[in-house]
Amino acid sequence: MKKHTLVVVAVAVALGMSGCSGTSNVAAGGDSVDSVTIGSIHPLSGSLSGVGGLMNAGAKMAVADINEAGGIESLGGATLVLNEGDSQGKAEIGQSEAQRLISEGAVALIGTYQSDVTQNVASVAERAKVPLVIDVAVDDKILEQGYSYSFRIQPDATSMGASGARSLIAMGEATGTEIDTVAYIHIEGAFGGSVFEAFKTEAEATGITVADEITYSGANFSDATTQVTQALASDPDVIVVTGYFPDNLLIAEAVNALKPDIKAVFGIASGAYDDNSFPAAAGEAASNILSANYHYSATSDRVADIRTRFEAANGESMETASMLSYQAVEVIAAALEESGSVDPEVLRDAISALSLTDPLLEFNGPIEFDENGQNINATVVVMQVQDGAVEQVFPTEIATKEAILPAFSR
Amino acid sequence: MSLLVLDGLSKSFGGLVALGNVNLEIADREYLGIIGPNGAGKTTLLSVLAGQLRPTSGKIVFDGQDITGWSADRVASVGLVRTFQLMRPFESMTVLENVAIASHNKIRSIPKARDHAADVIDRVGLGTYKDAMSGTLPTAGLKRLELARALALEPRVLLLDEVLAGLVPTERAPIIDLLREIHQDGVTVLFVEHIMAAVLALSERLLVMHEGQQLALGVPADVIQDVAVVDAYLGEDY
Amino acid sequence: MTALGVAAPERLADLKRRLPTGARLHFSVLALVLVVMAFLPLVVPESALPVAIRTLVFAIMAVGWNLMSGYGGMFSFGHAAFFGVGAYTNAYLLTAFGVSPWIGMIVGAGLSAGVGVLIAYLCLKYKLAGSYFALATFAFAQMFLLVTLNMEFLNKSEGINIPLLPEESWSMLQFDQGSLYYYWIPLVLLGVAVAVSISFVYSRPGQFAQAIRDDPTAAESLGIKVMKYRLIPVALSCAVTAVAGAFYTQYYLFIGPDQAFGLHVSTDAIIPAVIGGIGTIWGPLIGAAVIGPLSAVVAGFLRDPPPFLEFLYGTSGLDIAIYAILLILIVVFLPKGIYGTIRERRRK
Amino acid sequence: MLLEVKNVRAGYRKLEILHELSLHVGSGEIVSLIGANGAGKTTTLRSLAGLIHPSSGEILFEGVPLQSARPDQIVRAGLVHVAQDRALFGGLQVIENLVMGAYTQPKSSVRASLERVFDLFPILQSRRTQRAETMSGGQQQMLAIGRALMAQPKCLTLDEPSIGLAPNLVAQVFAAIQKIRDDGATVLIVEQNASQALAISDRAYVLESGSVVLEGTGQELADSAEVRKAYLGM
Amino acid sequence: MLTTERGRIVLGLFAITVLGIAAVYLFGGKDSNLVTQTVVTGLLLGGVYVLVSLGLTLIFGVLGIVNFAQGAMLAMAMYLVYFMVSSAGINPYLAVVLSAPIMFGFGWLVQSTLMNRLITDVGHSRPLLVTLGLSLLISNTLLMIFGGRPLNVPSPYAGSVQILGAIADVPRIIAFVGAVIVAGGLIVILRKSPLGLAIRAVAANGTGASLVGVNVKRIYAMTFGLGAASVGVAGGLLAPFTSLVPSAGDQFTTLAFVIVVLGGLGSVPGALVGGIFIGLLQTVGSLFLPGSGPLLLVFGMFVLVLFLRPQGLFGANK
């Protein structure tokens, strides 16, 4: 069922602009083609192959759904084809896959999960003048290059840090929980660093003290007890965590073992805490952990339908990253529909002008991109593990369960 | 006058004395034979002289210059050059390249070094093997190669470690002749050898070593009659 | 002085003519290979170009590695260190001072040679050999990685982006996506690297280095300064590898700690050389030509499998598993590498 | 005939050291091989032990061809070699070296064999827990022989057992070798210390350049001017 | 003399560690509970490192193989335990007992079919590349079978206990105890069993071993098998507190090399002491150095050991 509405916000889908490009083999408006190829690049092997595989499956499912619903009407019902690339988690492989996909006729790319790989793919897209719709990749820097062919659906690191801080404060006020001091544990590097900086700026502006910043190396992390103990030494009300799945899990387990007198563990852009496999993996340690992250809409029937079918087809729960890949394909399909053209440059303009309502994620509004290509309505919501399931708890209008804060009663 | 003076030269490994207080003066252009049973310290003596081993104590004076503790490459480039008992060819290289390595020491130009090397190779009678890979040479060839490389350095003193070992008598004779020629051309030779016929034929003086000590030194014919020498060599009851 | 005869002039001339045959033959083959390869992009599909370029980068690295480990006999398991120094030097000079990548490449090569010589000197001074030498070089590469992660001016883990220019520029080594210059430039660099190898192998220092590799004791006893002539191939090796790093940065427009100093960078330099044949001029090239496209070919095959293998479609990891099996088989059954084994057979 | 070597050619890589070497050893004999350095004595023993394989020719032990057998198979056949460098397990204790010697033997026989070795070399018993590499050369030689005896050899081959030993130790070692033969084993011995070796040998071969040039009883060769010449050139 | 040298080293290392920890307590400016917790965590982490390093020290020490598949083999063992636990529902610690012989068989097979062909090689590049290929093969095969999503093995003994005011996770304590038991077991096997004696003999002098009737290649295969079996136990004991992904073992490979070289090739006590020391160094270091700082410390020490005492703390002087 493809029944979402398209709203054209900007009308400057310039026929003239596409006319500029002499190489354009397709005139704008109502081309009739049999199929349109979208290139997808994800880590299908290597250490991130788990999430990469889910994302690839999400994109495949989106293509199948759109085709089943009649393809791209403005292109005479042209079907979508997904050409799959494997970045192996390596930037240079990602880049050469991007080039391969473009040379094999992809009119747009989606991908890639990792910031460094996305960086390389974005530069390929820019130079080949083929739009790239980033499903997942958090680093602010990717869109700060002044690239005009890259678009990102998910929020960037800085906005996640900042809105994470705002959510935490708001939740504290709403539940009457006093939050004065936090300690922050994050992974070393750009991702953890920029989320932390944004959080700190936002939090300190409202009088919350960030008492300690503890970093660890993602390359070698097999016990988080020291880091958590260290964080507790500053006697915080909340421990805030940013990192990847295995590290998050270790931190949750360490907190559970130490049973400290804190009010919450609050993940921001956490790889684990809102993943549906986390409650089972962490068991008791998962209980009541909060996570501020972009998330598929748990209140939308359309999303629920997609997720049910995904799980039936793949035997695995559809995570947010996978939903973003699905969403990225939809963004491209919407732009194809709108422009009626398979010319990548025309397509780029259509994406840039797009306003896609009914997003699959809990966002502030329709998917619309600013001049850098960032989705301006992308935001985080807060989730909490309750009774072995990830529930949306904040903002209250999208909550599936009421937030438990303080999360621990010790 | 003495070209090479060994003054109280000793070498021990851990507690084991391989060389105990060797005193020796070797005249320019002398041919000194060195014999002794296995483990007598002959090879150690050559290694110390060639700079491969640093003496525990004592002094080595070469041509009036104290060269004790010099590195092997420095010792070799002033003209004190050794060969090895177990041949050590550069196996990935041809015979010509092997010898040219040594020629290169004094000659920077590649063609000139190769010319020089080719001459030396002809001189030791390896001419037909010039372009063979050194690893494929038969023992006798390797012995000649070992000699050629040393000669290509234009040494003043040659330290020869059992160049005849492993050769059949017919192969020995031409090499003995070659060694004699080299000596006659003005090279001082220290000749460690087991083949007594060769030692007796070539040596002007003979040093007998046993357990790191100088057992006897003198005219070969006299030394060889020395009972102590016979005992050291063949065992007491011989 | 000794009575060794002086060469007669006519013999000398004769030898001069004969002498460089080996080198001359190699140079001719090189010229031929370069010319043929230059036309390659005209016959292969466009999508193969990125793979070809990556293969050329592997080849340059492997040629570099081979100088130190093949001809110098010092097994480096940390060539990422030298690749990374080249890559970061170029990236940093360009982004911080707007220095042309060509100059960055040369500065990087020099710096990398210096770093390499220092590391090798320490390892040799402390008499590390074999696995220990390999592990020490590996540890240095790891330390470079970790230090870079903590260096503010190198952007820590974020890496350095090379800004896109509005138009093509030779001086800034930047061209349009898919430009064949991105193929021809590394091809020429590879040509230079091989030419450096050939010249080195047949030069006096090169001969000394090989003699030392074969038998350091014998070499020393022939008056060769062992440390000096061990460090020369190290310097050349690191410089060549650094050039690959600098080009990598320019082509991918990005360098991060893992791309520069990761373990896989070191193995990318080693595997082609070992597969092709260590200590041979052509081994690294042949190895790169086999290994570079191998994983892409296997992946391509699995993307579009023949009907009877249809069930394999979409199995992630299978392409790399097959690549791994081929790697193991080649290493186990071709002891001297592809070129080395062929050459050996031919000699017999 | 316990051991027969027929027209063996052997060497290292492209260097052929043994040229058509033939010899034989009868059961219960002590046979020595003497000759100058490089004559091929050690190569002969290494070929017998399976450490190198002859390029042609035959090695028959109790009539069974062994020229292409692995060293461990040869030991199991009863032909045990004591290498010139002794090839001891340096970091292991004396007793461990000896027990390893009986690797091919049933566990039940180890105690008896140990007693026999300790009987022969009492010093080993008092040093049983010492690490082999910390012992003197003579003790190491005794340990090497003792270790070989633990394998209950039918034929023992010894490469220069007297090398690097002080004269009194040499005498001890040779006395032990005689005792070993008296206990029923056959011994093939390579020696530079010709007089000692010939004195205890039943028969001996003189090797030169990889072939046998002389053969005779120990006494004959000890008196031979040719042997004298081969060693001292007079 | 060597035994006393070894004794001095252990004593010295122990003294340095104790003094270092005491210095951290006194002058580190950290809360003493934090330091205690850190030390306990470091010891337990050290136990993990010991487990991973034990197999490697055998393989590297006896066979001279730089086994880059160590991490992948660890992951393989973890998945093996996962498979047994999830499909047959058996206790993970019972699964450990079953995974060890399977891993032994795997190691034996690798050595006898692949590595023994390379043993005559003078260089070491080929064994190294084969293990590198093996590591790729194992982790991608795991990916094909189990997928890349993190899996977990629930520990039947989840929970934590107090030690000197510090909290310790029970599965990690079990792993630590397991490390000591495996190390003890290996020491007993090496010191007391005929196989162990043969392994040590082969390591001491391969020619000598063949001259007493040892089939050296068979012992090589047994050694690789034994090393792999230790990895099997390690994987099983680590699985209950590790997120299982095909690359889960990779982060341990390099550290295991550091520990094995530090402890001395082939030395089981060396791996034990080295592993615990590195675990402590890393955790206590992380009190003062952010992010990858402690790792830099570890590699810095590695290079120093290579230069100054390449035979390692427990290695024999060559």
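For reference, chains read A, B, C, D and E in written order, and residue numbers begin at 1 within each chain.
Just so we're on the same page, a residue touches a chain if its C-beta (ideal position, glycine included) is under 8 Å from a C-beta of that chain, and two chains touch if they have at least 3 such contacts.
Which protein is which chain? UniProt says D = Branched-chain amino acid transport system ATP-binding protein.
Model, not experiment: these values are computed from the prediction.
K.L.:
Enumerate, in label order, the chains that touch chain A and chain B alike.
P.N.:
Of all the chains present, those in contact with both chain A and chain B are C.
K.L.:
Higher C-beta contact count, D-E or B-C?
P.N.:
Between D-E and B-C, the larger count of C-beta pairs in contact belongs to B-C.
K.L.:
Considering only mean CA positions as chain centres, point out the chain farthest from chain D.
P.N.:
Greatest centre separation from chain D goes to chain A.
K.L.:
Report the chain whose CA-based centre is farthest from the CA-based centre of chain E.
P.N.:
Computed centres place B farthest from chain E.
K.L.:
How many angstrom lie between the centres of chain C and chain D, each centre taken as the mean Cα position?
P.N.:
51
K.L.:
Between chain A and chain C, what is the gap in Å from one C-alpha centre to the other?
P.N.:
Here chain A and chain C have centroids separated by 38 Å.
K.L.:
Find the geometric centre of each of chain B and chain D from their Cα atoms only, then give the gap between the two centres in Å, rounded to an integer.
P.N.:
31
K.L.:
How many angstrom lie between the CA centroids of chain A and chain E, rounded to a whole number?
P.N.:
38
K.L.:
Mark out which residues of chain A touch at least two other chains, giving numbers and ranges.
P.N.:
45, 49, 52-53, 188-189, 217
K.L.:
Counting only residues that touch at least 2 other chains, which ones in chain E make the list?
P.N.:
140, 143, 148, 246, 291-292, 295 - these are the residues of chain E that touch more than one other chain.
K.L.:
Give me the residues of chain D that touch two or more other chains.
P.N.:
None at all.
K.L.:
What are all the touching pairs of chains?
P.N.:
Result of the pairwise touch check is A-C, A-E, B-C, B-D, C-E, D-E.
K.L.:
Tell me, which parts of chain A touch chain C in their complex?
P.N.:
Its residues touching chain C are 44-45, 49, 52-53, 84, 86, 88, 90-92, 95-96, 99-100, 103-104, 116, 119-120, 123-124, 126-128, 139, 141, 145-147, 188-190, 193, 217.
K.L.:
Report the residues of chain C in contact with chain A in the complex, numbered from low to high.
P.N.:
Answer in residue numbers: 45-47, 49-51, 53-54, 149, 156-159, 161, 163-164, 176-178, 248, 252-254, 256, 258-259, 264, 296, 299, 303, 314, 316-317, 319-320.
K.L.:
Applying the document's contact rule, which stretches of chain E touch chain D when the two form their complex?
P.N.:
Counting only chain E, the residues touching chain D are 1-2, 194, 197-198, 200-201, 204-205, 207-216, 316.
K.L.:
Spell out the residues on chain D that touch chain B in their complex, using ranges where they run on.
P.N.:
13-17, 36-38, 160, 163-164, 167, 170, 192-196, 199, 208-210, 231-234
K.L.:
Residue numbers of chain B touching chain C in their complex, please.
P.N.:
50, 52, 71-74, 76-77, 81-82, 84, 88-93, 97-98, 100-102, 104-105, 108, 110-116, 118-120, 123, 149-151, 153-156, 185-187
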